[in-house]
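After this come two complexes, each holding chain A, first together with chain B and then together with chain C.
Presenting the complex of A and B:
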């Protein structure tokens, strides 16, 4: 009888209390949502400053993790400005100066087009598991969705953020909220994904707000107007010559 | 009597030469140290005022909160109107607008691609005749080669920075920064001159352009980061500037509008008030310690002198000289010695202080990583106090020493004098 009670206790304890996935498993599933062989997207960025609000439109061509090309379409002052990322190098070209400028060193930490995104953010390896060790530390509800809470610690020192805390939708494996910290523990940036959508079997953010904790603005709203995965992108797009075209 | 005493001192070198040398050394060191501390302090304040804070500064309230980040998106707009009002209402102050900015200076190769680049801090300066800013910044004096910006797209570059980037006069340089609206600013300038300010923070990586050109580059029409005010004699007067700031803020400051202008005095910026108080406090303490130490040394010299003359004093008392007259003459002698030593020490102290005031002491090697806006050459400053501070240890301490030592005269009994003198 005693053994039967013990067996029932063990069985009932295990029902509904399945062990959560490891941090590595969660990151692998997140990366599956975010990374692709290539994609072309158009994005609207609404930058809310203390004095005014600006709206930028851009089109990006991305191949793997190493190649990206962005052209700004609006407003007039930004129109025609282009950026090219090849591995860990970044160049920009502006029609007003007609110069190809390499963005490096100290400049990488600066704001990109006045937004809350830095050039360093733009250069980051999008696959989180390549850069961070992770651990599931809890479960919380976020915007009505059940989430895993993950603590991420950088594997190396040469990264923009030493640690991150992310809230990942348990079902869709899409982060709904993220906080990025410096080595000192100071909050540097926060990201909140407000709308999501499903395309070709993957979940992707539709609208998010990124806030630089050190800047005085109200944050940058990023809206994905369109995104096409696994399309054909001509190789010449990812060359310095295409910056001037 | 005075002539008699002076003759006695001059003929007995053991009573005059060594004490005068002691006193003059003490006075000399006091004068030089005082001038040096005051000079260093003044230099830091003067450099900060010229390059950064002004004697008084106007900016928006929002800009003030983040001024160390140079947030030009929060800069003053409608500068010409405000400047016009300031110039007419406060015409005893030199008013000048400035744009401070940061970014990257990129030098192209023959294909227009990056040849060299470096982080830059820059100043947009009003070179027009209405503004005296080129004189406030001593730009003409700092010009090593080339000429001041005559066109909007001309730029001065600091000598160390031009060497680092390998850029010469006549070459093109692209400023990469942020516009007032936060957009990326890329603007082509031409290097027209090379400057050396002798201020490491500026010489390391600074550029100076015409404010109108910088306005174009950063899309700041009729804008400025700040409007600086200087008294015409270039001497900072805390009381006068505080009064002016209060008057301005009463008229223009609006609590509900973060873009309304606010005026700050020099001491209200960059923690300079605390800095001035701390430096002044420690400077005074240092001088006081030195003055007290020198006073003890010279007091001791006065004591030793009186004790050395123990036998002579005894003999004079035995011969019937009254204690009061003897005491008085000893004090008078120490006054002469103190006066002569102090005059001599102050004279040579002032010569060295004046030399250090004009030539200074080069501390460039110690300032390589400094971000403070202060001159690389620290100069002494001779003030009215320099003329009398040496007399504190020189005259008063040696006289007080003699006064204490001389008290012994009154304690000696005439009946024992002959026994003491073994006569």
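Presenting the complex of A and C:
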């Protein structure tokens, strides 16, 4: 009898160990990697157009999911341009125009600084589990890493991308590839994380390429030069007055 | 009248000097009439084409619709009111749904306006019937300018990315079934036309529209405060104002032309008074009053205007009639001005225009002729006979 119980325990344990986690669990772990109380980051964005390649540098201050402030540091043409996101509102300010412009309506659909990222992408809720129902549909190898493949379907009708497919590193719980689809199932955007790094117990992308699947460009490369989590950010940063400073 | 006879004789005997003045003045006549007719033609043609292709007999706009405010466009749609719907059912009106979207011609993202129109409508003369197809792909109608700017041709496939009523992205494949040749650039540039029902399904806005175009001579008030009537005159106001402002700007050209012609006549008159002082003295000595002499010289000058009108008619009428019948070919560049002007422009010359121009020129010529002649009024005949003046 003792042997039978031991056998059942071993079998049940091995089944539990081998079966993949639920989609919800994977998303929770992904969100744990991506979200933080706040962070300050410096990012290099390489925009590969049809004719030329532009490189932009920016510094961002982010507080939770609702507040973000970005200042462009280079090139000279964009230097000093600032962007402020407060909940679902977005403003920009550029030194040449010296005017605060609210980005709303169709302007949200426009490309941010000519990149493959739209202002809408910038405004999205980064916590996937808030927005999507998920299901692990398989396992695949991606960049030499073993990944879970997840299908995400929007919980509500008002989510920009109706469905997504993500390849999540089984060990680090970091998506290595993501495809975003329209309601019709057409691929709209793809994200590929090429390099990752570990900081303060979390895995984070170091270099990724975001591409508008409908346009013929080579996509926008995003390199995280530095990122500091859970730092002190003065509250005045997230005010419209700081756009002009 | 003696003065008239003498004036005519003097004028004709002046020979080349007279004919130079007459030719310059006749060119002024013809150019003014041609130019004014050109603008009248633009106005008539723009109005006609805009009514036919875009404006109809007036439009009902959904309350928040403002064509000049792209930010509010995506919220500018609503259920068609029962009264408007009954007009649509009776083929007295046609609804149009407008959304912002993106297309990717040659892999380059471009923002466009996506417009849904009933393929069976007969209110506007755009070839919406071509949107009735059995093919799987969404049929798309584009204007000639849009097709040229994006290298599109019939049969080409386009991916259209848009947001539905709840702001979720959708992307559909469409195929261009027709390239319409409309002179109205405001229904062409940066726009795609697709079947209304299909568009309502895609964006989940069944029974909704952004505006409803009424047929000609159709009246009727909407029973809904959500739909505001915009009369035809108001919808054409912008283009009429632009043309009027261009017309006013062209007055500068007439002033320059008239100034040149008047300068020539003024010079001739001054010279005449100076060279013919002995003749003036003789006429006064023979008993002609100063006033009659002034009248004689004024008639001489004013007759330039009459002769110029006759000479202008000889070569001007054939030119003006020919351009009115055959039209003036407009280069493609005028499309950029926003007028419905592509193809041939047919100038419109009215009797009022011709008579008005003649009256204005005649009055100006008479004034310019009188001014140098008025010096004669102070002339003493004895001094004039000696060759002195003033």
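Note that in this section the second predicted complex is superposed on the first by the 228 of 245 C-alpha atoms of A that agree within 3 Å, B and C clash if a C-alpha of one lies under 4 Å from a C-alpha of the other, contacts with A are read in each partner's own complex, and residues count from 1 in each chain.
Just so we're on the same page, a contact is a pair of C-beta atoms (placed from the backbone, for glycine too) under 8 Å apart; a residue touches a chain by one contact, two chains touch by 3 or more.
Every value quoted in this text rests on a predicted model; they were computed, and no experiment measured them.
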item: Chain A as common anchor, with chain B and chain C clashing or fitting; value: clash
item: Partner chain in contact with A:190 - chain B first, chain C second, else both or neither; value: neither
item: Which superposed partner A:216 touches (first chain B, second chain C, both, neither); value: both
item: Partner chain(s) touched by A:47 [first = chain B, second = chain C, both, neither]; value: first
item: Which superposed partner A:143 touches (first chain B, second chain C, both, neither); value: neither
item: Chain B versus chain C as contact partner of A:182, first or second or both or neither; value: second
item: Touching partner for A:104 - first (chain B), second (chain C), both, neither; value: both
item: Touching partner for A:239 - first (chain B), second (chain C), both, neither; value: neither
item: Partner chain(s) touched by A:65 [first = chain B, second = chain C, both, neither]; value: neither
item: Partner chain(s) touched by A:78 [first = chain B, second = chain C, both, neither]; value: first
item: Stretch of chain C penetrating chain B in the combined three-chain arrangement, among 238-246, 292-300 or 310-318; value: 238-246
item: Chain C-contacting residues of chain A that also contact chain B; value: 50, 104-107, 110-111, 216
item: Partner chain A, residues of chain B touching it in the complex; value: 62, 65-66, 71, 73-74, 103-104, 106, 108, 112-114, 117, 119, 174, 176, 178-179, 181-184, 186-188, 219, 258-259
item: Touching residues (chain side chain C, partner chain A) in the complex; value: 70-74, 100, 102, 104, 106-109, 111, 159, 161, 163-164, 166-173
item: Residue ranges of chain A touching chain B (in the complex, touch as defined); value: 47, 49-52, 54, 77-78, 81, 92, 94, 96-107, 110-115, 216, 240
item: Chain C-facing residues of chain A, complex; value: 50, 104-107, 109-111, 154, 156-162, 182-184, 186, 188, 212, 214-217
